[in-house]
Amino acid sequence: MLIMAGGFGLCGVPEQLILAIRDSGVKNLTVVSNNCGIDGVGLGLLLDTKQIKKMVSSYVGENKTFAQQYLAGELEIEFNPQGTLAERIRAGGAGIPAFFTRTGAGTQIAEGKEQRQIDGGLYVMERGLVADLSIVHAWMGDTEGNLVYRKTARNFNPMMATAGKVTVAEIEHLVQPGDINPDHIITPGVYVKRLVHVPNAVKHIEQRTVRKRTAAPAGTGEEV
Amino acid sequence: MAWTRDQMAERAAQELRDGFYVNLGIGIPTLVSNYIPAGMSVQLQSENGMLGFGPFPYEGEEDPDLINAGKQTVTEILTTSYFSSADSFAMIRGGHIDLSILGAMQVAENGDLANWMIPGKMVKGMGGAMDLVAGVKKVVVVMEHSAKNEPKLLKHCTLPLTGAGVVDMVITDLGVFAIDKKGGGGMTLIELAPGATLDEVRNKTEASYRTSNAL
Amino acid sequence: MAWTRDQMAERAAQELRDGFYVNLGIGIPTLVSNYIPAGMSVQLQSENGMLGFGPFPYEGEEDPDLINAGKQTVTEILTTSYFSSADSFAMIRGGHIDLSILGAMQVAENGDLANWMIPGKMVKGMGGAMDLVAGVKKVVVVMEHSAKNEPKLLKHCTLPLTGAGVVDMVITDLGVFAIDKKGGGGMTLIELAPGATLDEVRNKTEASYRTSNAL
Amino acid sequence: MLIMAGGFGLCGVPEQLILAIRDSGVKNLTVVSNNCGIDGVGLGLLLDTKQIKKMVSSYVGENKTFAQQYLAGELEIEFNPQGTLAERIRAGGAGIPAFFTRTGAGTQIAEGKEQRQIDGGLYVMERGLVADLSIVHAWMGDTEGNLVYRKTARNFNPMMATAGKVTVAEIEHLVQPGDINPDHIITPGVYVKRLVHVPNAVKHIEQRTVRKRTAAPAGTGEEV
């Protein structure tokens, strides 16, 4: 079974739906997600229970369990450049089975894939991705399934919502149709088959970087 | 002697222009935002899905929904917009970002870049680096000139590539190189860090390069 | 005798199911919205970039920024969302719309559809028809059984195709045909309009078809 | 010169920018736009002055001048299916030089293009489109170039904004950075090079369809 799970790092991750997948006990999952959580959080939970057979991700560096299972040969990984991954998901939802991108042309990523010169540049053909199940996290949703996201918690969620044969959304705020301005809706209800209201979502921060009130540097340089 | 990390970032900041949209990688490139000249408008792009972000939040004001591509908490500014990662990489791949500054393990004289994996070691993944170097208008690498006395500026990269013929400029602790990646004109040393010598650079560089007349 | 335009639309409405997302073409298909059964939730998609729209506005409340794909003024309802035409056709092409009801000039027994051009005549363009028939889960054609005594249900379309093997059902003034476009099982007459006879249908149809046992 | 012009029918059309192009007198234009206005309105204005050499559109049925110039051999037309046109523009802006779509496979539209079987279906390869100049119409914009659109006036405008080497936006409401909620911005400022404030935009309706207050049918059937 192929599952897409939204989120970037620990931001905008459908945590409660990951817990539900853990509790279901389903095994041999291929999971498409930009990252794989951290130990004990997010998709890391499904590593602990060895429910994941293969990850399709762009970066999995924050997870020791991942490294252990990978080195033990228990876990497969297919690395996709982040933009290629995002576009493959968008393409899958949009009925586009393949597209060309400059990303990865002439690198190991292009091995086994068609490469061709177009207008003087070298491009790789990449394939659209469709999931059996997509799980996404949204800020607000109405009972029609219309969704909006908050700040950078949007990330991969909108494309994944379009690319699941079945899409389940967890939402922090449940409202009625008409409560969201229709110009602001990011995911139209047609894409969402099930809604789970998670009113008190626990959110994690992977890199807590702050500045002190007394010192206010102009840039983003000071790390604490 | 030579440039410190901060001085390398300061030198990289000289590549900024008013109105630029810029993507900064993790590490030294992040420091570049400290050297944006006063009065210059530069919008920072974060590939997870944000254009225009500000400094780290004040203690206690961190927002888990507001992070940059390094997963660090950041802040919103007046010009900020949010979008999906697909839209973010459409922006990157489509050539709408002016400048990408990032680190590297190796750079070859033809502009090849390697910065994502060492065969035999646990690979973390390339994240957005392959898309950035393939899509952004100008790619500047900031890195130490050599690692454990091994040169990092090579005739050919020995590590798997992040991008083929993608680097426009390399800033190391010893100096600055321009690479004519499109024209095939090779690599040119265009600046020396204070205290660095042409000989030192020559000894620590495997790549062939010309030296600018100005030096 | 046979079905009127409204009766054809009413028959087409029997293909609606609760929760369906539906795209209606111009002409008779537009009338289908008048026959959505009470209590059934059906969201109408308009390919310019709108999901969920309501009836025409009251006089004086027309909004030039609010039109359907037929360029007619329409109204917003509680479920409405707006998006770009690229996102709209991603929805269509990606198979997220359940039903497309549209008109046709010719339909062939294998599901081929022609409805956009007549060689030698000024061509207006296909608009979104080619995308709709290629992408929507179920495609129902509503059309007159024949035009100026020429059959429109053919062995092969003679006009340039809008889509190859795309039609699932044809509703004419004389009856209803199912087409097994995927399985290659051909066309079957499954209903007769009141007053129409099997002989009349036979005489006015060039396509070969089976007749359902029920008739 | 290739110009993309936003709008669907007469909705969301950058009318003032079309007037500016008319007044510039530039000739031999290839214009990518879903339609070509009507006689004397929208892009119809550039037909009157014979500034357009070729249109790339999905539907041009509402324009007599168009038909006359086409039949006289003065005007070329390249028909694209509407969704293919929208996606070609989106692809151009996103750095995707080519993609596969089922739309038009096995029809005249696929002639001269690569067709291939992918996962048992027949697909046509279509190319991304980039414009020398894109002109778009938005509801509101800030001085940073961030744009939002209103209702179905959004249509082709957001993709065209991304696909122009230079994009000029006319906006009905000019505001300051920060005035638009950053979660609601549809076109980030990076795509917009020039802004023109058009505070009293004249808007046209192509098919004025209404219902009477006394009769309130359930559907959209009654036309006046």
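As written, the chain order gives the labels A, B, C and D, with residue 1 at the start of each chain.
Everything below uses one rule, namely that a residue touches a chain if its C-beta (ideal position, glycine included) is under 8 Å from a C-beta of that chain, and two chains touch if they have at least 3 such contacts.
Just so we're clear, the structure is a prediction, and the values are computed from it rather than from any experiment.
Counting C-beta pairs in contact across A-C and across A-B shows that the higher total falls to A-B.
Centres computed as Cα averages put chain B at a distance of 37 Å from chain D.
Note: centroid distance chain C to chain D, computed from Cα atoms, is 25 Å. Multi-chain contact residues of chain A (touching two or more other chains) are listed as 87, 90, 94-96, 101-102, 149-151, 154, 182-183.
The multi-chain contact residues of chain C, meaning those touching 2 or more other chains, are 76, 82-83, 89-90, 92-93, 135. Chains touching one another, given as pairs, are A-B, A-C, A-D, B-D, C-D. Listed in rising order, the residues of chain B touching chain A in the complex are 30-36, 44, 46-50, 53-68, 70-74, 76, 82-86, 88-90, 92-93, 122-131, 134-135, 160-165. Only residues 87, 91, 94-102, 118-119, 121, 123, 148-151, 154, 181-184 of chain D touch chain A when the two sit together in their complex. Chain A contributes residues 8-12, 34, 57-62, 67, 70-71, 77, 79, 81-84, 86-87, 89-90, 101-109, 122, 139, 149-159, 186, 203-213, 216-224 to its touches with chain B in the complex.
Residue ranges on chain C touching chain A, taken from their complex, read 21, 43, 45, 51-52, 76, 78-83, 89-97, 135. If you check the complex, the residues on chain D that touch chain B are 90, 92-96, 142, 144, 146, 162, 176-178, 182-183, 185, 188-191.
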